[in-house]
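Shared chain: chain A. Partners: chain B in the first complex, chain C in the second.
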Partner chain A sequence: MPSSTLASGTASAPAGWAGRRRVRRLQLLVPLAVVGGVAALAAFAPLLTPYGAETIDPLLRMALPSPAHLLGTDEFGRDILSRVAYGARITLLVSVASIGLAVCVGTLLGSAAAFFGGAIDLLVMRIADGLLSFPPILLAIYVITFLGPSVVNVILVIALLYIPRFARVAHAATLSVRETEYVQAAQAQGARPARILRRAVLPNIAAPLFVQASLGLGHAILLESGLSFLGLGAPPPAPSWGRMIEQSSRFMTLSVWPVVWPASIVSGTVLAFNLLGDALRDWLDPRLRGSV
Partner chain B sequence: MRGKILAGLLVVAVLGVPAVVGGAPGPAVACPVQGGVLRFGLYRDPTGLDPHLNFGATSSSLQGNVYDTLVEYDARGNLGPGLAESWAQPQPTVYIFKLRRNVTFHDGTPLVAADVLYSFKRILDPQTKATRQKEFEDLVESTRAQGDYTVEVRLKHPSATFLDILAGRETFIVSKKWADAGGDFKKAMNGTGAFRLASYEPNVRYILERYPKAWDPACLDRVELVPILDDRARVNALRSGQADFVEYLPWQDTEFLMRERGFRVYRGFEVFNMIRLNPTRPPLTNPKVRQALNFAINRETVSLTAFGGQAQLMDGFLLRKDAWAYNPETSKVWKYDPQRALALLKEAGVMRPGDLHLVLESANLTVHLDTAQVVATMLRSFGATVDLKINDVATLFQKRVTGDFMMMMDGLSLPWADPDFYYRYFHSTGTAYAAAVKFKDERLDQLLEEGQRITDRTKRKAIYADAERALFQEAPWIFIVWRPQAEAARSAVKGYVRLPGGLGAFSVGYFNHIWIEK
Partner chain C sequence: MKRYLVKRLLSAAVLLWLVGSVVFFSVYLLPGDPAQIILGGLDAHPSPDQLQRVREQLGLSRPVLVQYLGWAGGLVQGNLGRSLISGRAVTDDLSVRLLRTLQLIVPAAVLSTALGVTAGVHAARARSTFMDPLVSGITLLGFSVPVFVIGPILVSIFTLWLKLLPPGGYVGPGESPGGFAVHLVLPATALAAAPMATAMRMTRSSVLEQLSLDYVRTARSKGLAESRVVGQHVLRNALLPVLTVLGLQVGAMFAGSVLVETIFNWPGMNLFLLQALGQRDYPIIQAVVLIAAAIFIGTNALIDVTYAVIDPRIRYG
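Moving on, here comes the complex of A and B:
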C-alpha cells in the first residue's frame, strides 16, 4: 500500500494519473462498501431473514444453501444467514464500543501526558508501555478468565488493550503539535490548558487517530472472534462469529458450510477494516490529499 | 476383516480358551498375544489418585486398573469374585469373604485380611471424605478378621446393595502396611491390579506398567494414558495412529469411524443428561413448575440436534427395560406437551411463561453444553427467560456440592445396577443431589429407606414403582436423554468388552484383558 502511494505521488503522465486515481478511489470505496454491508447486515438483521438466530429446526440440520436458507443451516438446524447477521450485531457492538472507549481514554491520557510532560508523562507512558508488552490475546484470556465471559467484559478487555496504543499515537502527535506557533500563540494569549488541548491540539492530531481507529476496529473484530472461538465471548446460544466457527468445525467431516460462512465473513471484515485504515491514511495525509 | 476374526476364533479354539471370546472381565484368560503398548486418549485428566474418592467416569481407566475390589462385575454385569474368591451370607446381615491367596500389592507385600479392614476403616473415616462414607456409616456395624484370609462384615440392617457398593469404583482395597509406612494415597498408588502406576505428570500422561505378579495379569506390557481434551484432537490422534484407543467419542465421529475401515467403535448408553433443579430457588419451589419444565422440552429435538439422533429419550426415570425393577407404567411419562406445561404453570400461579426467569448453569464440555444450548433455546421459545451461564468443570463440581445454582446441566452414570441408586439422588440425605439442594419428600424418603432394607425382589419392585410415581409428582430434575457414550480403537486392539446397562463406565477399568493383534 505505501509503495503505491509513493508511486501516485510522483506520477507525471496524465493518462497514468487518471488510472491511478481510479485505483486509489477503489482502494477506499471497496473496503468502505464491505464495512457498510456488514453494518447493514447488523442493522437490518430481522428484515433479512424470517428466522431468529436461535431458532432450531431439528429436521433440517446441516442443510446446503437453498432459497429457504440462503447460506444453509448449521448442526442444530439454525439458519446460518440469520446467525451471521445477528452475530454482526454482537461483533460490531463489541468492536465499536471497545475502540470508541479506547480512543476517548487513550487520546485524553496520551495528549495530556505529552502536553504537560514531566512526572505525569513518565507515569502514563510507562504504564502504557507495560501494557503494550503483553501479547494481546494472552492478556485478554487472562482477564476474561478472571472476570467471566460476557459481552461487557470483552468490550472492557479490548478497550484496555487498545488504550495504550491510542495513548502512544496521541502522545507522539501531540509532541509535534505542542511546538507549533499556533499553540505557542494560544499559550501566550493565556488560554487554559484544557482549551488549548481541545481547540488547538485535538483537531490537529485527529488524522492519525482516525487511521489507528480503523485498524483497531479490524483487530478488535479479530480479537473478539478469537475470544469467542475459545469460549470466552458471548455465551451460547448467542450467535457470535468466533463461536460459530468453533462449534461447527467439529462437524466439518459432515458439512463445511457452517464453518466457511462465518470464517469468510470474519476475514473479509477484518481485511476491509485494514484496507480502509490504509486508504484513510493516504487520503488524510495533507501531502497526498490533492491527488485523490 | 471377517477372515481375520475367524482366524482369531480358530486360534482361541485351538488354545482351548473358555468360550468367552475377547477376554471378558473376570478370572484370568490366556493372552493370544503377550506384550505391547496401548496408547489411550483420555477425555480429561483423571484429576486425582485417591482410591476412595470418585473423580467421575473418566478416572475408571486409572483407578480401576491399578486397584481391585473385593467383588467385581463380569462381562454380563453380574457380580463375581474379585479379591474375594468367594463369599457367604449365613445371615441377612452377615457376610463372610474368603480372600484370594498369593495376591500381592505392587510394593510386594501380600494382601491379608488386615488390609481389607484398614480399607473399610479408611472409607468410614470422615477425614478421608470418601465418596461412600455415608453408605458405609449407614450400613457397616463391624468388621472382623478370622485368620489372615477371611473377613467377616456385620451390617446394621439387611442391604440389597452392599455387594454392588463393594464392586464400585470408590471402595478399592488398599495396603495397610504401605499406609502405615507413610504412603500417601493422594500422591502415589499401591494396588493389587494388573498394572502399577510407573510415573505420572498431571494433565500430561500417566504410565501404567504391567505388574507381573498380579493375580489376574495383563496381556499388555504398558498402557499410556494421555489426556487429549479437545474432541477433534483426540479423534485425530486415533486416526493418525498416535493413539490406539480413545474414549468419549463425539457422535459425529462415532458415525464416521463406524464406516471407516481399520477402526472399531464400542457404544453404550449408560450416561444420562439431565438438569438438576434447585427446589429452594423460586420459581422452582413449586413442583408444578418443575413438572412444567419437563413437559416444555422436546427430547426428540435434543437427541437430533445435540447427538445426531443417536441418544435414547429419557421419557421416564432411571430404570430401563433391562433392569429387573423396570415398570412400564412409569417409564413413558415425560412427553413434549407445551399445552400441559402451560396448564401446570397456571395451576402454580404463573400466568405467562414470560414470568419465568431461569438461570441454567453448564460446564464448558461439549457433551453438556450442546444439550444446554438446545434446552435454553426451547425454553426461550416456550416463552421463558433463560440465562445460560458457562462454568469450568471444577467450578461446576463445586456448585454441585454447595447447591449454589438454580438449574444445572449435568451428565451422570449410575453407580451400580440396583435401583437403590435412587437413594443416593433423591433421599433427603442423598449425597449425589438432594442434600446439596435441600430436596425433601417424606414419601420418597420412606420408600427409598424401605427399598434398601427389604431384599424380596417382588416387594422391592412395587416400592420402586411407587418411588417413580412420587418422582413424577416432585420432578426434581428435567430428565432429558441417555446420551450415546462411545470408545473407539484400532481394530488390532482386541479384548475390550463394554459392560451392559448402566455399568458401561466400568469397562475401561479392565485393561488387563486387552491385547493387540500383531
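Moving on, here comes the complex of A and C:
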C-alpha cells in the first residue's frame, strides 16, 4: 500500500477539514437513518396500517395512492404499504439471521484455520475455495430445490454462501496478527488457544469483518429478493419484496405503481447498507480514506 | 512458468471433478422421482410395477456407482447422456442453450467493460469536477439496484412508454439479425449494469493509486503530455487488477443471467436448468451445473495464468 497522503492532499477538492468531517458524518448518519426507518417499518407493521398483508379487496384493485391506502393497492386489491411493511420483516429477518450465522461460523472457521495452520487450514480453506468456485445464485437455486422454499431454508442457503467469504476475511486478518507480539506474549503466558483467539485475535480482526458484514447484509437482501422473484423464497401468500415485483410487473401495462414501491424499497435498503459499509470502512480503516 | 501453469490447471481440473461428482450424487437426493413425473406428476397413482419399468428404461434402477461410472465414461467422450423427459441427447439441446446465453453475456461484458473502464479513468483524472461524484453515484446505484428492478424499469420506458423495443423473447440471429438485435438490447443492458459499476469502481481506484506513485511524477516532470502519462504509463499498470475483476465478472454474469433470462424470457442455459430442476431431469441438471462450474472455474484459472504471465512475482512466489 503506497502512502496516499500526498495524493489525497493534492488531488481532492479544497473542501476544508471541517466540511469534510461533516460530509463524513452524513455519510454514516443518512444510511443509518434509512436502515432504521426500514427496521421501524418492519417492527411497527401492524400499527402502521389497519390491513393485513394478505387481505384482498376485489373491488379496489390497482388503486392509486389515497388516504385509505397510502401507497395504493395491487392487482388483487391488497394494500401495498402493508405488504411492503410485512415484507420488510421477512427480508430483514433473512438478511440479519443469515449474515449473523455466516459471520459467526465463518470467523470461527477462518481464524481457527489460520491460527492452527497445517491440515485443518488446508481442509477448511480448500472447502471454502470449492464453495466460492460456484456461481452464488445457481448454488442457492440448487440447494433450495433440495430443501424446498421456506424462510428458514433461504436463511441457511445465504449463510452457506457467505460462510466461505467471512472465513477468507477472517483467515487473512488472523494470519496478519498471528505473529504479533501480543499474541506471542499471550502464548508465552501459557494461555489456551481458545482464549488467545477470543481475547487477542478476535478484537483485532473485528474491523474488516464489520465492514464485510454490512456489505453482506445488502447482498443478502439482493439474494433473498432475487430468490423470491424466482419463486424460491418465502412461499406465497407471504409478502416478499421480490415476489411483489415479479407478480406486479406482469400488470405493468395497467399500472406501474405496484412495482415502483417494492422496487424502490429494495434498492433503497441495499443502497443504505452499501453506503453504511463504505462509511464503516472509512471510519475503521483510515488508511483507505479517499481511495475507494 | 511451466510448473506454475501445470499446478494451476491441475488444481482447476481436480476442483471441477469434485464439483461434478458432488452434483452427480446429490441429484439423486432431490426430493421427487422422475419416473413419477413422467407417469403423470404428483397427482397420478402409477402402480409400483409401472414405476419400476420406467426406472429400468431410464437406467435409474442400476446402482448409483455404476451410473456414475457410465456418466463419467460418457463425459470423457463428450457425451452428457439423454434427457429423461424428451429422450434427446443433452449435448444437442445444451449447446443451443449455451450459445444463446453467450449471445447475451458477451455483448453485456463488452458493453460493461467499455463503459466502465472509460468512465472510471475519467473519474480518477477529474477528481474535483462533477465527473467524479457522478461516476461514484452511478457506481453505487449499479451495486444497489437489483437486476429485477432494472428490468421492469427498462421495459416500462422502452416498451410501454416509447414503444421501441419488445419486452422479451428471443429471435435467432440466423432467422433475422435485426430481430435478434432488437430483442438483445434490453436484456444485455440490464445484465451489464452491475458489472459496469464494478469496472468503474475498480478502474477509478486503481488509476488513482497509480497516479500517486513516483514514476508518474517522473513522467510529468520530464514534460510528458498528461494524455501520454495516463495512456502509456498509468493505464498499463492500473488495468492489471481491473483485468482480474472483469474476469470474475464473467462468472458473476452467468449467475446474473438466471434472473435476466427469467425477466426477459430469454431461452438460454439458465431457463433450461430451471425447467429441468422442476422436472427432475437428472442428466440435464448434472450437465448444466457442470458446464456452469467449468466456465466459472475456467475463467478463474485463466485470470490467474494471465496474471502470472504479466507479473513474474506471482509465478515465483
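Just so we're on the same page, the second predicted complex is superposed on the first by the 270 of 292 C-alpha atoms of A that agree within 3 Å, B and C clash if a C-alpha of one lies under 4 Å from a C-alpha of the other, contacts with A are read in each partner's own complex, and residues count from 1 in each chain.
Everything below uses one rule, namely that a contact is a pair of C-beta atoms (placed from the backbone, for glycine too) under 8 Å apart; a residue touches a chain by one contact, two chains touch by 3 or more.
Everything numeric here is computed off the predicted structure, so don't read it as measured data.
Asker: On the A-aligned overlay, A:Ser267 touches which partner chain: chain B = first, chain C = second, or both, or neither?
Answerer: Touch partner of A:Ser267: chain C, not chain B.
Asker: Going by the touch definition up top, name the partner, chain B or chain C, that contacts more of chain A.
Answerer: Result: the larger residue contact count on chain A belongs to C.
Asker: Could you say whether A:Ser249 touches chain B, chain C, both of them, or neither, answering first, second, both or neither?
Answerer: Both: A:Ser249 reaches chain B and chain C.
Asker: With the two structures laid over each other on chain A, which partner does A:Pro236 touch: chain B (first), chain C (second), both, or neither?
Answerer: A:Pro236: touches chain B, not chain C.
Asker: Touch test for A:Tyr142: chain B only (first), chain C only (second), both, or neither?
Answerer: second
Asker: Output check: A:Phe134 vs chain B and chain C. Expected answer is one of first, second, both, neither. What do you get?
Answerer: A:Phe134: touches chain C, not chain B.
Asker: Quick one: is A:Gly218 in contact with chain B, with chain C, with both, or with neither? Answer first, second, both or neither.
Answerer: The answer is second: A:Gly218 touches chain C but not chain B.
Asker: Where on chain A do chain B and chain C both make contact?
Answerer: 249, 253
Asker: Considering the complex alone, what residue numbers of chain A touch chain B?
Answerer: 54-56, 58-59, 61, 75-77, 149, 231, 235-237, 249-251, 253-254
Asker: Provide the residue numbers of chain B that touch chain A in the complex, in ascending order.
Answerer: 231-232, 250, 252-253, 256, 298, 300-301, 304-306, 364, 366, 369, 373-374, 376-378, 380-381, 388-390
Asker: Can you list the residues on chain A that touch chain C in the complex?
Answerer: Interface residues on the chain A side: 2-4, 6-7, 11-13, 129-130, 133-138, 141-142, 145-146, 148, 218, 222, 225-226, 229-230, 242, 245-246, 249, 252-253, 256, 259, 263, 266-267, 270-271, 274-275, 291-292.
Asker: For chain C, which residues are in contact with chain A within the complex?
Answerer: Result: residues 15, 18-19, 23, 26, 29-31, 127-128, 140-141, 143-149, 151-153, 155-156, 160, 201, 205, 208-209, 211-213, 251-252, 254-256, 258-259, 262, 270, 273-274, 277, 289, 292-293, 296-297, 300 of chain C touch chain A.
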